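Here it is: the structure, laid out below.
Chains here go by letter, A, B, C and D, matching the order in which they are written, and residues are numbered from 1 within each.
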């Protein structure tokens, strides 16, 4: 995937929606921010520091957490162990308002009680998605990158997810970047949207404005650019 | 003119071991099984041809008509009885199982046929051309390898099952969605893999004598070639075989013969460091 | 993003949490480990108990058998040699026991022989373990495993426990340079293997110096053979070494090296190592269309399979040999043993359905040497028998036995054989030759 | 009081110590059998430290054993150090080698790692096979004065205990969590701050250290070393088999696997010197078919299933899902 001319910034505590059709480069962008890919050119700044090309584990320790589009938990560990592992290695650069106790984080994501002691491989698809977030929160991040969090969730789960994300931002002061292929839920939740297409930013602004943008519509529904 | 001769020899031997590695890479690509017993199937093929020659006077090349279907059937049995259980299990598991299988095969051969070396007293006139002498038996080995490689390529490209094998190698889950039964593909490719090994055995008996434990050397060689060429890449296996063959032969011009076997391994380590997925690893054939 | 102090405190708290976690985990795991520990201990006690009962003294009065302990490489890279050697020794034990055993004068009766043998899988670590166990089982004498390397792993145990170790398949001279007193060689050492071949070539009285190429296996035995041979060649005139390199014995072909050697146009190719490599060299020589006036290889041509595997390719290949079935020493004075070479050949062939090679003869002869030592000293004590052997000087079907000061075999001499029209012929030394050398080979 | 094997826990260590220190050397046919079993346990456990914990197959494990043996052996043969120091030097030398080996290889994944390490094994073998300064192919011996089986045995016992203890702490610490994470999902591990390359390197270095000690001790005992035996790929394969038989990634797995595989193999060799390898092959295949998790894994499952059944019958039906899975 090629990214070019992607330029945007984030304010603390903000929820930024990152949208674009399949193959627009959303996951690639996340991989670059989280250090899993090295960009040929360009810079990633975090809290004023240049973090471009740093190793993933270092970036995690600086307070950037991420989830994976296809959940990739530690399958043989229980839910609680997954989150506890995360809290062991990253001491987080976050504000510190997030709960520190792994069990509490599990509860927050609706994975408390008996669920907590179940091996991750036995979770349902939706539960695995929530575990992705719980594990990311375990690292006490300041910035959370959510990759296609709502994809594949039921209607009820989607609604819950949207509330969850708002809560993370408002209650715990977390900064979030959320990508989604399906826009509807995202648009209801976020404050600002960046639209990626063919590896470039084609629009940026409030959700209401962006939906009306001609270029965005073309990117999604085909048109002159296709 | 030693150098061109060594290069030709290297290519010829390399083709044979490339084809042997082809059988290994097929199995590896489809079911991620590391088959330590691969070389022992070569020994089984060599012994079959030896006995056919000694007892019934069947020429080893003619005995291919037996060793190929025999190897295929043996492969099916071994897959259904044993390997099926470890297909797609962690590598260590298949490694452990096939190590047990290798131990079993070589010790059975040892007890059945004694540890003595076995060879067939057949020789071929050598081929002279452009100042290069190529031993007849080596030329036959190279020709056989080319035939197998071409047939296998046609099979993989043109037939339904061949395409199915490629599909499973590239993406098992996608193949499943396309309606391909990966179990059947695994069965088929293991059968083909073993058939290639046993048939190479029939050729090997023309080149050298064998003992029950000689299989380990063939396994090692095929491993190196497979990785050098890139896992799951048939073309890569052939290229890897030729590279190893030529490097080993040419290196013997400049280095003590006892050192040359290390050259292949050193080349492999260097290649892996520079290009962690092998020579042809990036473009699966 | 949190001050330094905060993050430090958080780290401390986290560490405490981890510690608590580790301790709680450890407690539970200790319980589990303990359960497993008990299982292991039970196994260990069972194994210990088994060996304890194994080592309990069996009979209170005098030994009922002479226990001869050994390992042999019955699997692994040396299995062919190991099986051949073991068969030779088994035949000896069978023949001795058929006559009631060996007469031990200190006991005043014949005592049968009991061979105790294990498979060492061609690995020194197994040799070391098994010989210590043989010692613990109370063997009277030890026979070395086949090959120099394995013999060197058995030697310190024999030495430390003052048990005679008879070497029948360890030819490397280095075995007798370590100061071991209990290691006795029955066969000619490696450095002497090729000497009769060179003597034979010298006897040809060729006008121009003979060009010699050495191409040999990279192992202790072959190296000591070639070092001995090349030193001898250098010390005499009439030879010119044009090539000297070792090779890896697991190689599948030697065509590259042989082409190079042929380009140097030598008269004689000397070398080889073991079975498979020797045959491969012959096949490669033929398929490359090369011709040497003489090819002399170690070990491989001596094996009867050499002919059946190679057919006409075996023609006129020369090999140094420890023993051939045509050799007859029965007229030599102080001849020991109720068997001649041809009798041994016939009996071995009918017992094991394959003709013996010299490894089998060496092993049988090892039994005879032990037998002679016991009879002449009248003792089953290894030290006594070892001292007896230093003063012995006799012939068996295998040839002469006389020890050098270090225990190395000094009496036995090698012969040279050549495949002629599908039959093995002894061609040197002249007094025992059954045919004249064909040189240059057609 | 119900009979509970866990109550006997405090007894386990002293009993094990007594077996190692007194019973084995006195009754088990000299020290050689217990010595070699302990040697194999260390080889298998050190293999397990890396492969069992990270999931990467180090096919060149025997390189550590051989190089440790060569370093220790050379120091002993030339009387340059006391055997104890020589053994330690062997371990440290192999640890250093492991560090060097980790630089190019820890970048490689799965089978590529396995074959790269196998190639290193072959290359190292050829180097030692042709290196005259270390005796080349014929190898060298250690003077008889250093032949002290009982001492070697006790040092071996201490090393084995240290090795098992190290593995225990490696699995029951933050280190163990990191290793689990790397094995189960390496990408996720790095996303939560686990420095995978660092942990893999440390594990390989510790693994190399203990395998090197085992090699040096083996050479002290055997008093002879040559490249064929020092770099025999069968040593790696046996270590793998022992670990798989006992239980991959577990602390006690290699102890059980090593004891059973060598102990049973030795017994079979005694009884059937020509057939023991056939039996070994059958046993390995049987283990994979019947207990793919190894003995420790199988017994764990057995006890787990029993516990759940007991809880069920006591009226606690909440675990029915687990039962369905088992």
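To be clear about the criterion, a contact is a pair of C-beta atoms (placed from the backbone, for glycine too) under 8 Å apart; a residue touches a chain by one contact, two chains touch by 3 or more.
Bear in mind the structure is a predicted one, so any value in this text is a computation, not a measurement.
Taking the mean of each chain's C-alpha atoms, the chain whose centre lies closest to the overall C-alpha mean is D. Most remote chain with respect to chain B, judged by CA-atom centres, is A. The pair of chains sharing the greatest count of C-beta contacts is C-D. For this pair, chain C with chain D, the centres built from the Cα atoms lie 31 Å apart. Centre-to-centre spacing of chain A and chain C amounts to 69 Å, using the average Cα coordinate of each chain.
Chain centres here are Cα means. That of chain A falls 42 Å from that of chain D. The set of chain C residues that touch two or more partner chains comprises 18, 75-77, 218, 246, 248. Counting partner chains per residue, chain D has residues 126, 129-130, 137, 174, 274, 277 touching two or more of them.
Among all residues of chain A, those that touch two or more other chains are 84, 88. Chain C contributes residues 18, 22, 25-26, 29-41, 43-45, 47-49, 51-52, 54-55, 72, 74-77, 117-119, 121, 123-133, 135-137, 148-149, 152-153, 155-157, 159-160, 172, 174, 178-180, 218-220, 223-224, 246, 248 to its touches with chain D in the complex.
Within the complex formed with chain D, the residues of chain A that make contact are 34-36, 55-57, 60-61, 65-66, 68, 72-77, 81, 84-86, 88-90, 114, 122, 135-136, 138-139.
Residues 75-77, 79-80, 82-83, 215, 218, 245-248, 250-257, 259-260, 263, 275-276, 279-280, 283-284, 286-289, 303, 305, 308-313, 354 of chain C are the ones touching chain B in the complex. Per the touch definition, chain D reaches chain B in the complex via residues 51, 55, 57, 104, 107-112, 114-116, 118-120, 122-123, 125-127, 129-130, 137, 233, 237, 240-241, 244, 248, 274-275, 277-278, 280-285, 287-289, 292. Remark: chain D residues 174, 177-178, 180-181, 184-185, 187-196, 318, 325 touch chain A in the complex.
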